[in-house]
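By written order: A, B, C, D and E. Residues from 1 in each chain.
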Amino acid sequence: MNNNSTTSEFLKMTSISDGIAVNTDIYGNNRAGRSFKSVLFRWKRSVYQLIWKHLLIYAIVYVLLSILYQFILNEDGKKNFRVLAEHCTGYSRSLNIMIVLGFFTSTTMQRLFNMQITIPGTSKSITMFILSLKPDLPEGPLIIEQYARWQILSWVLTFRLVSKPLSKIYPDLASLQSAGLLTQEERDILEKPEFTNPNTPRPLAVIDWILLLLKETFLKSRYFAEINYMRNVDVVMAYKKSCGNTIKFATQNISPALIQAVILAVYGFGCITLMARNFSKEDAPLSNALISYIPLMPGLQFFIYFAWLCFGRAAVDPFGDDEDDINVKQLVQSHIEDSIRLKDLYNRQLRDLFPNLVCHSSNVL
Amino acid sequence: MNNNSTTSEFLKMTSISDGIAVNTDIYGNNRAGRSFKSVLFRWKRSVYQLIWKHLLIYAIVYVLLSILYQFILNEDGKKNFRVLAEHCTGYSRSLNIMIVLGFFTSTTMQRLFNMQITIPGTSKSITMFILSLKPDLPEGPLIIEQYARWQILSWVLTFRLVSKPLSKIYPDLASLQSAGLLTQEERDILEKPEFTNPNTPRPLAVIDWILLLLKETFLKSRYFAEINYMRNVDVVMAYKKSCGNTIKFATQNISPALIQAVILAVYGFGCITLMARNFSKEDAPLSNALISYIPLMPGLQFFIYFAWLCFGRAAVDPFGDDEDDINVKQLVQSHIEDSIRLKDLYNRQLRDLFPNLVCHSSNVL
Amino acid sequence: MNNNSTTSEFLKMTSISDGIAVNTDIYGNNRAGRSFKSVLFRWKRSVYQLIWKHLLIYAIVYVLLSILYQFILNEDGKKNFRVLAEHCTGYSRSLNIMIVLGFFTSTTMQRLFNMQITIPGTSKSITMFILSLKPDLPEGPLIIEQYARWQILSWVLTFRLVSKPLSKIYPDLASLQSAGLLTQEERDILEKPEFTNPNTPRPLAVIDWILLLLKETFLKSRYFAEINYMRNVDVVMAYKKSCGNTIKFATQNISPALIQAVILAVYGFGCITLMARNFSKEDAPLSNALISYIPLMPGLQFFIYFAWLCFGRAAVDPFGDDEDDINVKQLVQSHIEDSIRLKDLYNRQLRDLFPNLVCHSSNVL
Amino acid sequence: MNNNSTTSEFLKMTSISDGIAVNTDIYGNNRAGRSFKSVLFRWKRSVYQLIWKHLLIYAIVYVLLSILYQFILNEDGKKNFRVLAEHCTGYSRSLNIMIVLGFFTSTTMQRLFNMQITIPGTSKSITMFILSLKPDLPEGPLIIEQYARWQILSWVLTFRLVSKPLSKIYPDLASLQSAGLLTQEERDILEKPEFTNPNTPRPLAVIDWILLLLKETFLKSRYFAEINYMRNVDVVMAYKKSCGNTIKFATQNISPALIQAVILAVYGFGCITLMARNFSKEDAPLSNALISYIPLMPGLQFFIYFAWLCFGRAAVDPFGDDEDDINVKQLVQSHIEDSIRLKDLYNRQLRDLFPNLVCHSSNVL
Amino acid sequence: MNNNSTTSEFLKMTSISDGIAVNTDIYGNNRAGRSFKSVLFRWKRSVYQLIWKHLLIYAIVYVLLSILYQFILNEDGKKNFRVLAEHCTGYSRSLNIMIVLGFFTSTTMQRLFNMQITIPGTSKSITMFILSLKPDLPEGPLIIEQYARWQILSWVLTFRLVSKPLSKIYPDLASLQSAGLLTQEERDILEKPEFTNPNTPRPLAVIDWILLLLKETFLKSRYFAEINYMRNVDVVMAYKKSCGNTIKFATQNISPALIQAVILAVYGFGCITLMARNFSKEDAPLSNALISYIPLMPGLQFFIYFAWLCFGRAAVDPFGDDEDDINVKQLVQSHIEDSIRLKDLYNRQLRDLFPNLVCHSSNVL
């Protein structure tokens, strides 16, 4: 195995998401928060897109019940219907679903915000490693190549555990290998029980290699100062903890029973409001028809509750396929590009970029 | 006592949880949060499993009260029943139990999330210790063995205090000894008052040994740099504080009086809703029967409140036996496996794993 | 003054709380959170114990008002009573006391949880100091003795300011002196204005001594490395900040006006619910008697509000005498025991504890 | 390119905001929080300014509906109107919009407060760099010039991504160049794909230059101590992470769907309250006219909800043009002034400022 | 300018608050939280003191309206009054002002608590500087004097920007000079544009001097170790950031529009409740008179809302003159006393305080 093949395989990594446009429409995103009109009438990533199906079913059932009452039921049936409707109306007003949802959604969101801040990144440890090495080591670029690839590898192995879209792209080690993130040799080691305990979570195994590489770099005196060894270990340990927290976020998550209870509550409430009607005593056919066949207000009520539920649930699992989720695929891509860019830090001199910059020559004077 | 026995006893540690499947079903867990149908109809770890008993009793009592009203009471009794029912209805609507529960549950959950992030881990201090040592010390593996085992021991002694399932597995020092976490000599020292003050919390006694080991390592110049001594002390002190916070979490917890008050509120509310009925003036036998004998809506109400209460209480004591609790037994297991794996970091060289990796040989060129 | 007397006085410190059982019933505490029955029927540290007096008075007044209405008032009086009752009923339903209480209690509790995590501890700075010293200094034990005692002293002086029970045990310097925490010489210095500005908070004066001791240790080259001086200063400054935050917690606390407002709101609400009655139009003597003379539901309502108020207030002042408060006396005790134990770290060698441990001898080989 | 031109271009940076008064009216801002009258009757940055248009439209529609009812509709139409009004009244009381808004606004605000604290600053890294250099390097001022300008440049490039007003001032690299923040050479490098991957976010490319400059400073031994190299790298990495968090705040923001849902809820509620009327049975023409034509109370209701919505939305996008937003333009200005001031730290001696200060001469004695 | 004058001017600093009793009544403060009676009947710092005026006006208007209804209005007027009252009653029950207030007050309070923890302090940097110097420098005390005074000066200049009471005491540089915090020379430098850019915030100018002093100390080799230079710079940069956060807290505060909206909501609600009356159909003159002329219950309602509003607003601006505010004047005082005390650390030896302490002599043995 020679250097070139490693490099070329590594460069292959960039290929997976060539088709994805990296330039997110940031302004379209948060600017929209400002002008009321533009935000109300957009469809992409809108709340309408999210819940129009539920609302449609709701409206249809509502109208069907109205038809049932007015055209199908006889006098006795109508009486029964009215009694049930009154019963439902009473409960629909005493149930405080909104409080349940408010606490549920704000709890999950704050959890998500905390997680976003502490998500692990590979850029710090790679930069630190590169800048810790003695300059002009002949083997420097190779070691950095190795180090950066293992960092990316451990990152991908970690997020494969928590993000379904990523686990589809990289279902097994073979896919990682063909993406250039893993060599055949490394794959063998990960798969052979005499090297790696099959119980060991794979990201940890790779982080062990990184630590061994740091140790080797120390033993071969490749750091420009001895203290850099322990500094790099610190950074890698912080990265490891951060990976662990991400996995914890996904595994010790909000209990499914809680999500179940909230969904049930909202669906139950939706069913109650379908029946909850007031029958006016006044004889106003037009209004009564409007109220019976155009469920604007119960629909609005259900819309608010259901939308709130959706946001809470999206916050529970932020690594999914939804448009509002954290785009893990793009994140992988940018980590890879980052690592390629950062590797240049080792060999590149400032004068390579800025040949006629004053501060180079001034030392000569 | 020779080295081999220590090692073998140490390896015995792994045996306790062989039967436990380590691969948690992560996707089953949080993916379920997405597709509405799958999450509503699962039973395992569901909210139904949690509270079906209470709901059943609720339904039976509700129906019995309906039978009492309709078939057993005479006219006077019915009047009295109606008056009571009206009284209850009034209160059931003015009591804002949901707000109580919302604040209770969200407070306990945020406390739990904070705790999850700061739970103590042994991996950082073990890694740090191993990488701080001079390479190729003949006694290195033995010291590391010792250090790692004491770390695990202090971790188990700490969590025995807060987790009931763990305290059942390790009820006393003898059980720890037979699990290979404790030698006879160490047990004697922990138990003899001339060595260890019986008032001393045992995890602290073991952490003292760890500190003494760090000191000895320093005195015998086994660190590759003097500064590593204090760095390791820092890491151990942070670990100790983290253990202390975990014990604080369990001992200075939400007061039992608060839990009592919330339970009483929900039960009291449940009883009120059992009686709270509206008697329709319209003569609609079918609907009235439905309302009287199928307590869907009061049941839904009680379900929401009771479920919320359960989540709050589960968050108060997260180290228990429930399926949603933090699985402390598995955590012990993974800490032990981790420590075994990490010990390899000392003797293993990168070239042992990757014999034909470029960066080894490049130095020779 | 010789060494022995200092030591013996120091040891006296342990005597104050011999009678206190240190083994808190942790399981009794949080396990109770699980099984519903056991937690509902306990009396110790229960919510019943906390508020039974208020509930009793509430019930008596309620029944007296009922008697007044039914047996004492004439027809005109009854009319007036009914009008007032109706008026109260209206207000009792529109007042949202529960939201006030919810925000009040959750705000104070989260403040308390934050404080619990950042409470100052003496163990870190003592350990750090001991391990920073050169081994085998003849004066080492004496300096450590001094250092540890001053740490404890500053801790006690700090918590005396915030904890009433502790300020009863140590009302003045004399009591601290007789407890062995303070020597006569030190007391003189604290009390003489030529040495200590009387405006200086006493914990700060003692922390100044600690800093002077650190400086002296540096000047006499007792640290094994120069860098240890600044590290110890860092640790002591963090300890000082932590003490300052604890005092801030108590002095810049929730305003008493806020507590007053909340208490008034709950009492006012309690009074309103005493009068708030619905007089059924149906003639159902049994039920009406039940409702009039057994105030179950208004009592439950008052119970929830009053209990919630109690928890909020307990969180405002967590260093008191209540059973749920942080037990400052026991904390002092454990800090003292800790410091005694830690002092052993200086002279004790690992081989003293484990004479036949492998890692000692292996170096000889 | 000579030094002078760089300097003069750099100084041009200050020109953009000469017209902006830097002295914010702090007292006008928070003092107003105290005296009730002054705060109620101000117009600038007031809530009236924010929402008077919506309120006016609300009032007009309300009055038009009243006129419709009273003067235009015939008896049948009136009946229909009454029925609809009754229907709306019922829903307007059962919809708990305020809870939705409360959770929405408090969640976004807490997110904003967290962000305010962690907003990246250039002052720390510039100061650190200046103080790390050997004194009296001839090329020192030039390097510092370079370093400070790149710091400002990366800051502006970062905030251009999140702040619309800033992206209007600096729409492209040309505008940055003409503002003196970028030289022609640097612009070429940023724009040529052989130097900078077009996918690389531009702030990252500039931070890479900064790292290269740190490395060059190290290689040319311009730090007074070797350890300063890694310290500066640490500070720059923290700055980079902070930039990344700011971008994350803007891109992984509250989902637009959530904002949409909340806006819809408030608008829907506003429409409902327009119709929600109670028609008094008593014949009181004056009051009825008041109620019909002066929509004080529904207006107040709508005012509160709408105002709350505005605050929540403002917190979602805090870098905009509104008066309450973070003034990014002024922030750029103060960062530039800061950097100019800080550069003086390198060449200036304390004696230049304070020629007759005692502590200079005392060393001579 | 000689040393003595500096010292004496510096000592003058202490004079400003001689009259203020430093011993805060801590127990009076938080103990009161416990015994219900004592806290309800205190006047000082009570909620009564805060809002009795508003309550009085409320009561008077309420009674006047009652008189208007009963004695002045004719039958038609009464009808109109009743209709309006009914209208108001409806709205008073559907407006959820309490939720608005709850979120507003808890958000502002949590912001305040965070700020309290991170408030900048001068003690750490002064202590660190003193302990970093070589012992027995002849110019040491002078440098420390300078350093400590500048720290205090920057602190006062910072808090002058956020605290109105402090800006009254120190309205300009002249007042700071006469208080001994500023010398004539320093004032000239701050005021002359050739030395200090008039746009520069003054605290930053002083912090620049501090950094220059640190640099000078380094250049003259006054630190006992080179590393102390950067450590002190770190501490000063942290102090600077902390000052910046405090200014941010005050300038990027809760928007005045939000405060306006909340005040308007509470006042509007107060007005509605003044009119919101139920006219009992029963003829009960006594009760009706009570209800009409003793506005206990609407008063209680208004009291709770208004009190809550006051707490929220007090938390928005915590540096004011109110009794519950952070006492900035006393804080300045204690910072000055602290700095005077800390300066003793430089020259004082432990043996000066404790002449016969064992650990001094033991080294001689």
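The rule we apply is simple: a residue touches a chain if its C-beta (ideal position, glycine included) is under 8 Å from a C-beta of that chain, and two chains touch if they have at least 3 such contacts.
By chain, UniProt protein names: A, B, C, D, E = Bestrophin homolog.
The structure displayed is predicted, hence computed values, not measured ones.
Q: Round to the nearest whole Å and give the separation of the Cα centres of subunit B and subunit E.
A: 41
Q: How many angstrom lie between the centres of subunit B and subunit C, each centre taken as the mean Cα position?
A: About 25 Å separates the centre of subunit B from that of subunit C.
Q: Among the residues of subunit C, which ones contact at least 2 other chains?
A: 93, 96, 99, 102-103, 106, 110, 227
Q: Looking at which chains touch, is this a line, ring, star, complete or other?
A: Graph shape, chains as nodes and touching pairs as edges: a ring.
Q: Could you walk the ring starting from subunit B, turning first toward subunit C, and list the chains encountered?
A: Starting at subunit B and heading to subunit C first, the ring runs B, C, E, D, A.
Q: In the complex formed with subunit C, which residues of subunit B make contact?
A: Contact set of subunit B toward subunit C: 1-3, 6, 76, 79-84, 86-88, 90-91, 93-97, 99-100, 102-103, 106-107, 110-111, 114, 138-139, 142-143, 146, 161-162, 164, 167, 185-186, 189, 195, 197, 199-200, 204, 208-209, 211-216, 219-220, 226-227, 229-230, 233, 237, 240-241, 244-245, 248, 250-261, 263-265, 267-269, 272, 313, 316-317, 320.
Q: Which of the residues in subunit A come into contact with subunit D in the complex?
A: Against subunit D, the touching part of subunit A is residues 22, 24, 26-27, 29-34, 36, 39-40, 42, 45-50, 92-93, 96, 98-99, 102-103, 105-106, 109-110, 113, 116-117, 121, 123-124, 127-128, 131-132, 135, 224-225, 227-228, 231, 278, 280, 282-288, 290-291, 297-298, 300-301, 303-304, 307-308, 310-311, 314, 324, 326, 337-338, 340-342, 344-345, 348-351, 353-354, 356-360, 362-363, 365.
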